[in-house]
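These notes are about the structure you will find just below.
Letters A, B, C and D mark the chains in the order given here, with residues in each chain numbered from 1 onward.
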Amino acid sequence: MSQYRVLIDADDKKGLVHKVSTVFYKSDMNILSNSEFVDKEKNKFFMRSVVEGDITLDRLHQLISDVMPKSANIEVIAPQNKNIIIMATKEMHALGDILIRNEAGELEANILCVISNYNNLESLVSKFNIPFVCISHVGLSRDEHENRIVEYLSKFEEVDYIVLAKYMRILTPKFVEAHENRIINIHHSFLPAFIGANPYKQAYERGVKIIGATSHFVNNNLDEGPIISQDVIHVDHAYGWQDMQRLGKDVEKVVLSRALKLALEDRIFVNANKTVIFQG
Amino acid sequence: MSQYRVLIDADDKKGLVHKVSTVFYKSDMNILSNSEFVDKEKNKFFMRSVVEGDITLDRLHQLISDVMPKSANIEVIAPQNKNIIIMATKEMHALGDILIRNEAGELEANILCVISNYNNLESLVSKFNIPFVCISHVGLSRDEHENRIVEYLSKFEEVDYIVLAKYMRILTPKFVEAHENRIINIHHSFLPAFIGANPYKQAYERGVKIIGATSHFVNNNLDEGPIISQDVIHVDHAYGWQDMQRLGKDVEKVVLSRALKLALEDRIFVNANKTVIFQG
Amino acid sequence: MSQYRVLIDADDKKGLVHKVSTVFYKSDMNILSNSEFVDKEKNKFFMRSVVEGDITLDRLHQLISDVMPKSANIEVIAPQNKNIIIMATKEMHALGDILIRNEAGELEANILCVISNYNNLESLVSKFNIPFVCISHVGLSRDEHENRIVEYLSKFEEVDYIVLAKYMRILTPKFVEAHENRIINIHHSFLPAFIGANPYKQAYERGVKIIGATSHFVNNNLDEGPIISQDVIHVDHAYGWQDMQRLGKDVEKVVLSRALKLALEDRIFVNANKTVIFQG
Amino acid sequence: MSQYRVLIDADDKKGLVHKVSTVFYKSDMNILSNSEFVDKEKNKFFMRSVVEGDITLDRLHQLISDVMPKSANIEVIAPQNKNIIIMATKEMHALGDILIRNEAGELEANILCVISNYNNLESLVSKFNIPFVCISHVGLSRDEHENRIVEYLSKFEEVDYIVLAKYMRILTPKFVEAHENRIINIHHSFLPAFIGANPYKQAYERGVKIIGATSHFVNNNLDEGPIISQDVIHVDHAYGWQDMQRLGKDVEKVVLSRALKLALEDRIFVNANKTVIFQG
């Protein structure tokens, strides 16, 4: 018996559920969970099923392809650890949270390496026997710096996700396009409020009573990619912006780790500039 | 084109989704939304579909029954206002919230009447042209009092839900059994904490940092019926129990109205002493 | 024995607490609660005390003034109902919530009247024996319309707060300045996200996972006045913008009523474009 | 200039704030923050001030003692790292969160050692150059096992707090009494719901829609000590108890770390079986 995650995204039309469920039924498969969503505005159908049965991945993919429209995107995935790269700058909380979860076996991930433009995280990362590489940006143009990162990354055959765990530099459009919907960022505000630099200071100056964090896929518009997860905490007038920053770290790390987990478990569809996420 | 809500609850076995979706497909129906859940522990299957097509309710029910196991519970429902009775005692907030929502057209409900064991809510209820009846318990045994309520209720042909909007008396097993999974209560604590009388005082004395409210179907064990909805708010040492009570009202009314809305929209399955709720 | 709320806002310097508490002590007063905050960035001191004793309001005010710097703002308030005007447009939920709370005796307020630019709320308001006046904007310029409102308001001697309970028109700078820090608005988004029209549609299109509401004092920059209260709820991809709008009403009404209660209880200081709020 | 935290807890009477603030004023001290609370039911006064000035700790303590009632508890504390012991069993998340925060310099703490009754956390702890000791309970009575722990602890001169980071064994009354209000536990439920073993299973079986975690000081009644911090997350029917357990870890670790931080910053008073906590 093998277990598969089946992800389908297609233009909506009558009978899609019928056709897929017929494949499962005729192949004598168990449906462990099944979620569907139709975006009526865009006329798009999304389905994620977890199924098990005595069938190969290729055969199951073929059977589903046979009944789906040509334009449908069909993924059949056998659960296994995904390869991830973490990029960070100086802060420990988001990176540390991922490292501890990985150590505890909570993540379906192999962390290939941690890349930083500073040295100070090396001591933390090396505790976990994960390669750490410092690629400093000092004295380099944005392109030169990024080229060094790209060069370093080229040694890895397959990278499923790049996780920006408080990586404080902006990536070039070229880099972003090369990893479309594969770069997960944590922004330290409740987007779309406080886009850009030092959002806690912006929040403090605006006098908000709630602060938040947002994990999202990165696209070419700063802080405007599809949102994966958000959460917030209440603050009041007694919090200075450094207090907000300190408190906000707890939200940031939980939100980023949650988004990463959703991605590793193949629960996220990107639907134009939004996400469809099946938690069930 | 008619719209129907299809609710199926059955022992789980392979092919249920296939069979139902085949009925929809062959009847040329659109699936507007579809949710499934399998309780693997109890081997129970739950499905709620909203569909539309050119078919009668009876015909659709028949077609589904034909493909489902004999023991399955199948409901096909054409959306329409449900008949509800509200029972309350003295407090206005939960009742008032329902009355305002009803006035605003937010609820799929006809409020047949409000029953109280006191007089003081009459002024509020009568503003909304809804019958108010005071059935006082003074000088009566529990059975005698309830018999008067039952007698009054007998004038209504069909009652879908009885909503206890802070009705502070205990119902008899006989009454509860006669309305199984049809009585919705709001308990002013985060159940199962603080079962019984004056939960805010209990919460205050325990020194909790969060208080909550719980809406649930009523069964014969006090405050132990299937939970529909819960929510909480943070408090601190500066809140006396009356402050908690005052603040708690905001949670109570929102939680009760949310549960009522879920019931009116046929989103709740009762699964032994728990609920399965499809929000999507 | 009389009870007073003492509110002091002053440039910070050593000894302010000492001086005020000495006044209370020498006047043989009980301190029922006491809160202080120093905004170190702006060097501003804020203090709210609830005290009781055998002293007149004027005498207490005099004693405190005698020990405070000339530039300090000192308010000594004997708790009593405040006069409020509610302005609304068409939606019932926020207005209805205030009406029910008022009916239940939860608010320290006299509702002088409800003003709307439409007729449809008249039926609701008149149930509560509160004057309703429709001042239509049809065929009028913004100034002409507002002049009619101002004329109507001129019949009231004293108005403490104007509550915009989903009043969907923009007020002129002249009107806003005439009621500085006295107009409380509810904006149906988590400000500063989604300023302006139809924030739920904006939120839906951005694909956020949390929506919120913000109550704030109105100043001359749209949706940019000092924030009083905010709250949020989680949503997901399955919520269309109308669903968000429907769900958001529950947050809007609670947040607005909370802000109004804080104002009525003299718990809010305005500190430039922010608020200092003492809940304790 | 030295900075001190002044903590006073006393029977309430008129003039306490006056007297303490007079000490600060006459000693030419700056008040950086000041919080007070009176428990009117128990007639108890609590005050926490952060002050700075040119004065010794002993002198300040003396001046305050001179004006306070004999029965008052007065603490004057110069901020410095506190000594803590962590006890854990097998789970990594709560322990790991503290280790990462400590590594990041977020905690005012020296972690003297981590004690576990199993071996499997050794690899994690030793990464951080913190002593790890396994004191197995296998084959020992509760008293024998605890005696070994006590013996090991005796080598440390001063221990401020013992943190139970998912330590799954019950401590004896003798141990608890020896560390009154100095042992901080995390219980994996929203207390007082689901006291005792496997609370997630209990929560699953009760069908709750929210799960939580509670940090509290340990006293001799299991899970009944004064509550420091609580938080919750929403769940639904689709969460099995292992899912709840997995998700609950995120709440547990944040709640425990928050409680620890409050303790390290001297923000917690114990008031009979409750806590008074000054966050400001």
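Throughout what follows, contacts are C-beta pairs under 8 Å (C-beta built on N, C-alpha and C of every residue); 3 or more make two chains touch, one makes a residue touch a chain.
Owing to the predicted nature of the structure, the values given are computational and were not obtained by experimental measurement.
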item	value
Same or different contact residues where chain C meets its copy chain B, judged by the half mark	same
Chain separated most widely from chain C, comparing mean CA positions	A
Centre-to-centre distance between chain C and chain B (centres being mean Cα positions), rounded to whole Å	35
Gap in Å, rounded to a whole number, between the CA centres of chain D and chain B	41
Junction residues of chain B, two or more chains touched	33, 37, 238, 280
Complex contacts: residues of chain B adjacent to chain A	14-15, 17-18, 21-22, 24-25, 28-38, 234, 280
Chain A residues touching chain C - in the complex, by the definition given at the top	37, 39-41, 190-194, 206-210, 212, 226-232, 236-238, 240, 271, 273-277
Of all residues in chain B, those that touch chain C in their complex	33, 91-93, 96-97, 99-101, 103-104, 106, 124, 127-128, 238, 246, 250, 254, 257-258, 279-280
